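Below are the structure tokens for one structure; questions will follow.
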Amino acid sequence: MVYVTRREVFSSAHILANPNWGAEQNSEIYGKCANSNGHGHNYTLEVVVGGEIDINTGYLIDLKILKEIIFTEVISKVDHKHLNYDVDFMKNLIPTTENLVVAIWGQLVNKLPSGKLISVKIFETENNYAEYKGE
Amino acid sequence: MVYVTRREVFSSAHILANPNWGAEQNSEIYGKCANSNGHGHNYTLEVVVGGEIDINTGYLIDLKILKEIIFTEVISKVDHKHLNYDVDFMKNLIPTTENLVVAIWGQLVNKLPSGKLISVKIFETENNYAEYKGE
Amino acid sequence: MVYVTRREVFSSAHILANPNWGAEQNSEIYGKCANSNGHGHNYTLEVVVGGEIDINTGYLIDLKILKEIIFTEVISKVDHKHLNYDVDFMKNLIPTTENLVVAIWGQLVNKLPSGKLISVKIFETENNYAEYKGE
Amino acid sequence: MVYVTRREVFSSAHILANPNWGAEQNSEIYGKCANSNGHGHNYTLEVVVGGEIDINTGYLIDLKILKEIIFTEVISKVDHKHLNYDVDFMKNLIPTTENLVVAIWGQLVNKLPSGKLISVKIFETENNYAEYKGE
Amino acid sequence: MVYVTRREVFSSAHILANPNWGAEQNSEIYGKCANSNGHGHNYTLEVVVGGEIDINTGYLIDLKILKEIIFTEVISKVDHKHLNYDVDFMKNLIPTTENLVVAIWGQLVNKLPSGKLISVKIFETENNYAEYKGE
Amino acid sequence: MVYVTRREVFSSAHILANPNWGAEQNSEIYGKCANSNGHGHNYTLEVVVGGEIDINTGYLIDLKILKEIIFTEVISKVDHKHLNYDVDFMKNLIPTTENLVVAIWGQLVNKLPSGKLISVKIFETENNYAEYKGE
């Protein structure tokens, strides 16, 4: 069993706020992340796929195909978008890195032609990232 | 003459659109950057100061002081903000990296206690950056 | 179950030497790392916490709180310090990256308000790092 | 149990093509990677070793020794070489990152004086990497 | 006057050898870089353009257009190619980083629709790079 | 005229303190950098050389030779050393990044066999660096 990772980058805006709370409570919990005009990030996405090497190609998965799946299911929906307003698979979710990484897993898990989804990581800044392994 | 550079990071949202143009023209010029809900970036700022080394301290400038000036004049005004709506020194400017880097130069150029502002750089993504040297 | 990682950086001096050995033996085992005046590093620390997402906040753990715990228990004690002389939790330990990463785990493991400590990594240089998972 | 990772870099040329296929089929599967004059990469190799800390040295493994083993068994054989023509342990293998990472595991797994080989990673570009854990 | 930089990455093979010299002399001058089967790199290219900001767009140059020019004139000709055999603008040049950076300048200098070419940089590895400013 | 840059890394300890001042004044000026047991950094050194390309080799300078000069004149004297106690060319200098970069220039400027020293940069952390151009 071998693991292959593909890295992609996207740029999005977001606001962290619980719609059931008032501005004061959101500011207390989320600090400057609750700014109502939003802020944004260059997010780095890493998708890890695992499985056996195809003896004919030497590939676990053709990265051009993996890249296309990630583009269709994730990047085209989040890049240069606002995560609170523009993204169907984030509807009704507070766009924390934790919720985002689980939602992206959901976008990808049934779309892989070969290999199995092992892990999705999202780096929000150079100092913070979240990972989900489907457990 | 020696040069000292301080790097800082901030996270902001922005929209690229000329208010004198319609949605179609903005979309033609700015592509996905014109998305009306905005998107965002982790911006990296590099500020270069030049001058002579103080013989008593061995410093061109105390980096704690340079950091405070950058925080007060720039970071506190742009970090976790929307560059189109929240930032006084970006009023009436389309928030391209080019306009942003010139505006940040204007925030800093008269505030340095020692040394002279030499260059301001803004990295919008890992692939694009702008620099202004006051020329 | 989701994992969240926080990265911090600190700068310390250290000397690698076993106090039970003479200078010659220490030089043989530790090479230039045994230099008796010490040398130093910019250490990068990565702390991984795992657990369930809080449905109200969308967070596994508030990173401001995680950052404060890491600062109080680790960074304030090692940053701009000498690991052999200044750090109580490194007393009687040779400050290799391996011993350092296990000791930092000990500083953090009982202090987390939510989530469970999963892994601590220390990068000593861009080419070497150690990880401890509490096993 | 603690884990120690050593990073090394090497520069090699390669061609992706299955010798049982014609140029057209290879071009269809491997795209521009099938260019018959070859292309190349700066590969980054990460070797992870796990085990217990030696109480006398504070080391899992002396990194100078780990570095020498990696140099002798891997780097000296692949650095500034062509993976299709110059490397004995890649004979009869299509030099995909997946096949390369498994072959490098085979070079290292029985050569470690202390600690156990846990993982080998190869980054082919900043966006793609493969990992093998001997499973 | 403002400066804008665009970063691109390409992967190529090359051999360093002077065709007027024998294998022994080439090996003496170029060491392992003279390996006759070639080796390769992930090259990073940085192109710096300077000029005035267009008051209507806030751009010095539309990066989509700059990216297209770099792709057409450089990346499409060198990426996944062998610099000694496949690249017309490197004909009769030893493909050192120095010769490559000057040749890429030549490819770009007359193709920019706005702004002026200021600098071209090529990083061959993380430790070595060359720059040309047209002087 | 072309420019070639070589990057090297070294790890040193240092203390920032003016020997003419008492502990209190040093602590006021240098903060935690004045800790009397010292602290340390992984310093990154970049040396830029400029000149004309040798038509026979395609090189401005053979990087193996540049690397040897940097090793002999700088790295061997500062790596795994204490900048205040172990380094002859830092005698009587407060080891700020500014003083260090000027002193390293002095070590290199007359030792280059071809090409001219253009710039020396020292990165003390990922956020701070100093540059000297001999002006």
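Labels for the chains are A, B, C, D, E and F, by order of writing; each one numbers its residues from 1.
The rule we apply is simple: a contact is a pair of C-beta atoms (placed from the backbone, for glycine too) under 8 Å apart; a residue touches a chain by one contact, two chains touch by 3 or more.
Since this is a predicted model, take the numbers as computed values, not measurements.
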item	value
Length of the shortest touching-chain route, chain A through to chain E	2
Shortest path length from chain A to chain D (each step joins two touching chains)	1
Angle of the C-alpha superposing rotation, chain B to chain F, to the nearest 5 degrees	120
Numbering shared by both copies at the chain D-chain C contact, with half separating same from different	different
Over-half contact-pair match to A-D, picked out of the listed pairs B-F, C-F or A-B	B-F
Rounded Å distance between chain E and chain F, as computed from the means of their C-alpha atoms	29
Chain centre separation (chain A, chain F; CA means) in Å	41
For chain E, residues contacting two or more additional chains	126
Chain pairs in mutual contact under the definition given at the outset	A-B, A-C, A-D, B-E, B-F, C-D, C-F, D-E, E-F
In the complex with chain E, residue positions of chain B that touch it	16, 18, 29, 31, 93-99, 101-102, 126-133, 135
Touching residues (chain side chain E, partner chain B) in the complex	1-8, 53, 56-60, 62-64
Residues of chain E that touch chain D when the two form their complex	9, 11-14, 32-33, 35, 37-42, 79-82, 85-86, 125-126
